[in-house]
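For reference, chains read A, B, C and D in written order, and residue numbers begin at 1 within each chain.
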Amino acid sequence: MTAPVTKPAPRIVADRLHSPLRRALRSWEAILLVVAIAVFIGNTLLSPYFLNAWNLSDATFNFTEKAMIAFAMAMLIVAGEIDLSVASIIALASTAMGLAMTAGAGVPVIVLVGIGTGLICGAVNGVLVAGLGLPSIVVTIGTMSLFRGIAFIVLGDQAFTGYPPEFAYFGQGYVWWVISFELVLFAAFAVIFWAVLHRSTFGRAVYAIGNNATAAAFSGIRVQRVRFILFLLTGVMSGVAAVCLTSRLGSTRPSIATGWELEVVTMVVLGGVNILGGSGTIPGVVLAAVIMGMVTFGFGLLNVPGIVMSIFLGALLIGVIALPRLLRRG
Amino acid sequence: QDVKIALVVKALGIGFFEAAAKGAEEAAAELGDVEIIYTGPTDTTAEGQIEVINSLIAQGVNAIAVSANDRDALVPTLQKAMERGITVISWDSGVAPEGRMMHLNPSSNALIGNTIIKLAADHLPEGGDVAILSASATATNQNIWIEEATKVLPNYPGINLVATVYGDDLADKSYREAQGLMATYPNLKAIIAPTTVGILAASQAVTDAGKIGEINVTGLGLPSEMAGAVASGATKSFAIWNPIDLGYAATMISYNLVKGNAAAEPGAEIGMGRMGTATLDQGNEAAMSDPFTYDASNIDQFKSIF
Amino acid sequence: MTLFKSREALLALAILVTLGVIAARFPAFVAPSNLANVFNDTAPLMLLAIGQMIVILTKCIDLSVAANLALTGMVAALMNGAGVPLPLILCAVVALGAALGAVNGVLVWKLGIPSIVVTLGTMTIYRGTIFLMTEGKWVNAHEMSDAFKALPRHVILGLPVMSWIAIATIAVFAVVLARTALGRAFYAVGGNPHAAVYAGLDVGRTQFWAFVISGALAGVTGYLWVARYAVAYVDVAGGFELDVVAACVIGGIAIAGGAGSLWGAMLGALFLGVIKNALPVVGISPFWQMAISGLAIILAVAFNAAQRRPRGRLILREAAQ
Amino acid sequence: MDMMMQPVLRLRGISKSFPGVKALQGVQLDLYPGEVTALIGENGAGKSTIVKVLTGIYQPEEGTIEIDGRGVRLTSADAAARAGVTAIHQETVLFDELTVAENIWLGHAPRGRFGLIDRRAMREGAARLLAGIGAQIDPGARLGDLGIASRHMVAIARALSIEARVVILDEPTAALSHKEIHELYDLVEKLKRQGKAILFISHKFDEIFRIADRYTVFRDGQFVAEGRMAEVTEGALVQMMVGRSVDQIFPARVHNVGAPVLTVAGYSHPTEFADISFTLHRGEILGFYGLVGAGRSEVMQALFGITTPSKGACRVDDQVRVIRSTAEAVDAGIVYVPEDRGRQGAVKGLPIFQNVTLPSLGAVSRAGFLRMAEELALARDYTRRLDLRAAALDQDVGLLSGGNQQKVVIAKWLATRPRVIILDEPTKGIDIGSKAAVHAFMAELAAEGLSIIMVSSEIPEVLGMSDRVIVMREGRIVDEVSGERMTPETLVRAAAGLAVAA
């Protein structure tokens, strides 16, 4: 008790433990990049048709629309939520566009209706999850049936056809040479989502919520608002995808985009986003989208049935995640 | 250089299409310089077919003969194929005219519509309630046949169509829909299923409900699959065209179009090998042959073939 | 505890009200024979829901149940075609189902991969395997022996064997969950995995057993399904996994793990079963079916959550009274 | 004497490391039958880690564990229990959805017919164990419905349900009230008489001197010293612990309290609290005392916008504020350092610097986009002021010891430059060295004009630091003391409800 008051000099804490380069080399994205290159080389060796600008361009349609949703889904999953209703939102948005078209709306209005419907569907999910505090996986299993169900009520066994010719641009148009409009849109969204998730305050809030929502709330973050916005965003991106897909198909059926929700989730998880929330990156999702697109296209060139393709993707999904864990143990 | 003809089906694994593929191979063997690519998605979606068609375009096949899951959604992709010089025809389930050069109906739609009602009416001299159990609500050909069937209903007095339900070509859903029909319409006398999955499930449901003899299941089915139902009496008769012939004919037509032996325009006559010639109507459609009715008297003869 | 009881009572009430409304217009629907029929129809959903519930209790999810069912069902049909006797087939489907479940379990246990990822992967792999085995070919009624098809249909005391299998399984798992160490471990591991380690429970191994049980039940259901509908093909029960999860959720099984009762899950399955069977009977257009079941799921979940919402701690003396 | 008595448990050369941290480096520990050994060390010294090694939760990379002279390997919690080691862990780790009885018996429940669990025997055994430690808890109650102190008693009962030779208590009194602490001391005496070897971990020196027979000191994951309590002084222990001497006296404070900053009027909540009114001034430290579960945390969380009061108003400076969310509270300049660090404080999984900047994102960004250099600068600034021990600022917060996590949480709030900071049990589970640092820091902040509310259950801390003390009991304010009346007596009587009766 008699010892004098001492105040030792604070310790110096370094900013970084490892250099950014070392981090990048050991990252998930590095593994994915290797896989992507391997798939590319494999495809080139296996099929003489692969290395062709137009064919590669056609191949991008296998993933661009799904990837646009996957970007928003990635943020949602990083925040610890999930949206299984995305494919149904596409169906409903496409139906709404069809209604607008039959009512004589022009292309801009049709597009707005599609995106707007996505926004409304996202808001419904958002209110149920963020407003009422219901678990998102269950809510969106419900809205998955609800949204597509409404599309079925409207359309029944009918289809909307006869979209204006200019409308075809979104899903079939080319900006320059083999660069399609969808591919440009995909790249633009990749950059936007990268900036938002990795460089903005909103993105930081998303990570905080995904790691510990309670602590995030205790840090002055408006958790429910962020969650709501994320569902809105996913709805809007589904709406955008609906515009592209409807334009590409030139018609609307209520069964459009069946099963896409699981493909989008697979893409996100393959991209290294932790399904339990808290971590994951947009570059990872971009690479995963490219890998999935190239694998399906490559298999298609060899006329391998789609289901064998999905076995391969299923194994890839488990394999890529299992491998680092196996290596760490062994 | 072989002529590459791609036979794109609604989904792989369906008995009907497997039989059609056999017919295509038969045609290829006959022609000698043809390579058949038999392909299709895993489940019956338009998006799946588009991916398959895209990769066929990339491989530079000479012809694509498709049985479509969606008459409209395939149009832009098939148009792209045609732009790249590929011969595109549809068969069995059609594509909208702007997406193909011609369409080969297994039979004439009016004839099929009439046949499915007639099959039911033949065993209902006093008339009675009948219901239709279809495939998915978006299935092109089923919808056309049902439309044709409703048109000819007035010719069958006493036959009362009470409902049309959809089993989505899923065995369990079709089964449940059939059960629902029986529960809802106690006086039901016949279930008409113009789809091979539906007719099979419905005859099973009728058998399980112990209503053989009370409710007759009929429609379109494959002899190999329906043999049991005919034997048990759940199905008195059903019809189908020969899918082997259909695959054969589609291949022959594709070949002739690729080789320039014929052009796809109204009134044109295109050779179908042993199936004769197809004559295109105003909509560039042709019918292959009449549907053939199977019952206890002839089923054993066909059940091992397809 | 009373909260749980009342939730199940309310769910039962909801089912009864639904039945009552339908009965008002279609008395035939509530005839005992038809109700038995609805129950029998729901039996596969209930069997799978038991397994799914246990998996969800341990904080996991099994999206591969329907694929597992399809694969074991196909194997059963092929074995039948090869002339294997029925008892052997029954043993084989349980063993195969359990083995497929064990694959999920091992990946979750030994590699710590989140179950949703594992089962998303195995879901496609199992279905794909059917395709590889059969090249997509169907096995149809006429290719199955009569004994194979007859077992689930055989009626004992007014109910088909399929229903009795469901009832027996429910009884067995009621005891397992309440009175065995493993049963309680399912709750503990899901309720607080961290604490489970401290209590000497092996979280991964417990989850492994949950997957094995879920798989074995899917195996049994695979045979029942294929025999009942007398057809086996790649897409059997496609998308059924979501119905199974929905049944659990409607039955109040907390998706976060650790909470929920077997009775809840069974009532949830019955609720879905009644709705699915009733809609065509009531004459609602088939196009409405999807939207209505979606709405039912959302309402049920909102209701359950409202019941479970914490209302703050009891500190004030007057509030405690 | 030591030579004669054989240790029950003998650890030698135990090492355990985590990514980036060597938590234990070749430490040793001996526990003797019928004696209490105190394990002493700063936050992060490795105390809880050795407990987890002993209970089979962590596997050491090196070293040997001997029980009764025989080498054992403790591969799981189950194996440790079978080897006769049981522990009450620092965090209560139990199951909310299970009943009290099940929580006690999970994993080793009594079996009845057919090997099924015998529920009656389980319930009776639980009642007996709970009665033995003086806890009145219904064995059939759902654990989730119990308060934190009761939960802790259940954890103790669970530990006792295992027939053990070695009993470990890791900061067992942190969550307990006065009365319960005394019952715990009695329990320890009883266990000693039964010849059990006891390891006792605590940061409270009075406690250690009261019940321990021996001590072992760790510093930075290394063994420093061991000996008998009778042969050591508090000062010497502190010296061994921190490697330097520390003054235990609370910092001298100038009590110059300014204008009112925060006025709370009639805050009420349906179940948690009622009629909470008080005023906080500039540069003031206002203590909130009460027994565990008095509702202090709940009031603070309402002030911080976590819950919304059903009635009442609050004024910050001269503006009436409605605070319905934490974001609004931060806007109003009110911040809260929670008591439950793990759940509510640090965002584990995010690096240290991102934790620090989380509530100040606006200040380190332009147009919504973050500037990493500014973030690091801010984090560096405030973590240095709190003397954070970490390898690097981009290290995951979850890898820090409890005390260092607490520093990160405090740093994150100071970085927002608040008007009012609420510290809920700021030194709970913090070692004596850091504790003094936190106290000095609080005094410094108050002197700079910051207003502080300090919730604490430690009377010396409350009295030593506060200008004024509000005492709560069962969700209501029962007394406010300042000046002369600030004595341990008044506080305890008010908190226990005796003052009202008198």
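Basically, contacts are C-beta pairs under 8 Å (C-beta built on N, C-alpha and C of every residue); 3 or more make two chains touch, one makes a residue touch a chain.
Only a predicted model underlies this, so the values are computations on that prediction, with no experimental measurement involved.
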Chain pair with the higher count of C-beta pairs in contact (A-B, A-C): A-C
Furthest chain, CA centroid comparison against subunit D: B
Subunit B and subunit D, separation of their C-alpha mean positions in angstrom: 73
Mean-CA-position distance for subunit C and subunit A (Å): 30
Whole-Å gap between the CA centroids of subunit A and subunit B: 37
Cα-centroid distance, subunit C relative to subunit D, in whole angstrom: 43
Sequence positions of subunit B contacting 2 or more other chains: 12, 42-43, 137, 166
Residue numbers of subunit C (touch at least two other chains): 131, 136, 234, 287
Chains grouped in pairs wherever the two touch, ordered by label: A-B, A-C, A-D, B-C, C-D
Residue ranges of subunit A touching subunit C (in the complex, touch as defined): 128, 132-135, 137-139, 141-150, 152-153, 156, 262, 265-266, 269, 274-276, 305, 307-308, 310-311, 313-315, 317-318, 321-322, 325-326
Complex interface listing, subunit C residues touching subunit D: 1, 175, 179-181, 184-185, 187-188, 191-192, 194-202, 258-259, 311-317, 319
Touching residues on subunit C, where the partner in the complex is subunit A: 61, 107, 111-114, 116-118, 120-125, 127-129, 131-132, 136, 234, 242, 245-246, 249, 255-256, 285, 287-298, 301-302, 305, 309
Sites on subunit B touched by subunit C in the complex: 12-15, 18, 42-43, 137, 165-166, 170-172, 175-177, 179-181, 183-184, 186, 200-201, 204, 208, 224-229, 303
In the complex with subunit C, residue positions of subunit D that touch it: 55-57, 76-81, 89, 93-98, 102, 106-109, 115-117, 119, 142, 147, 158, 269-274, 293-295, 298, 307, 474-476
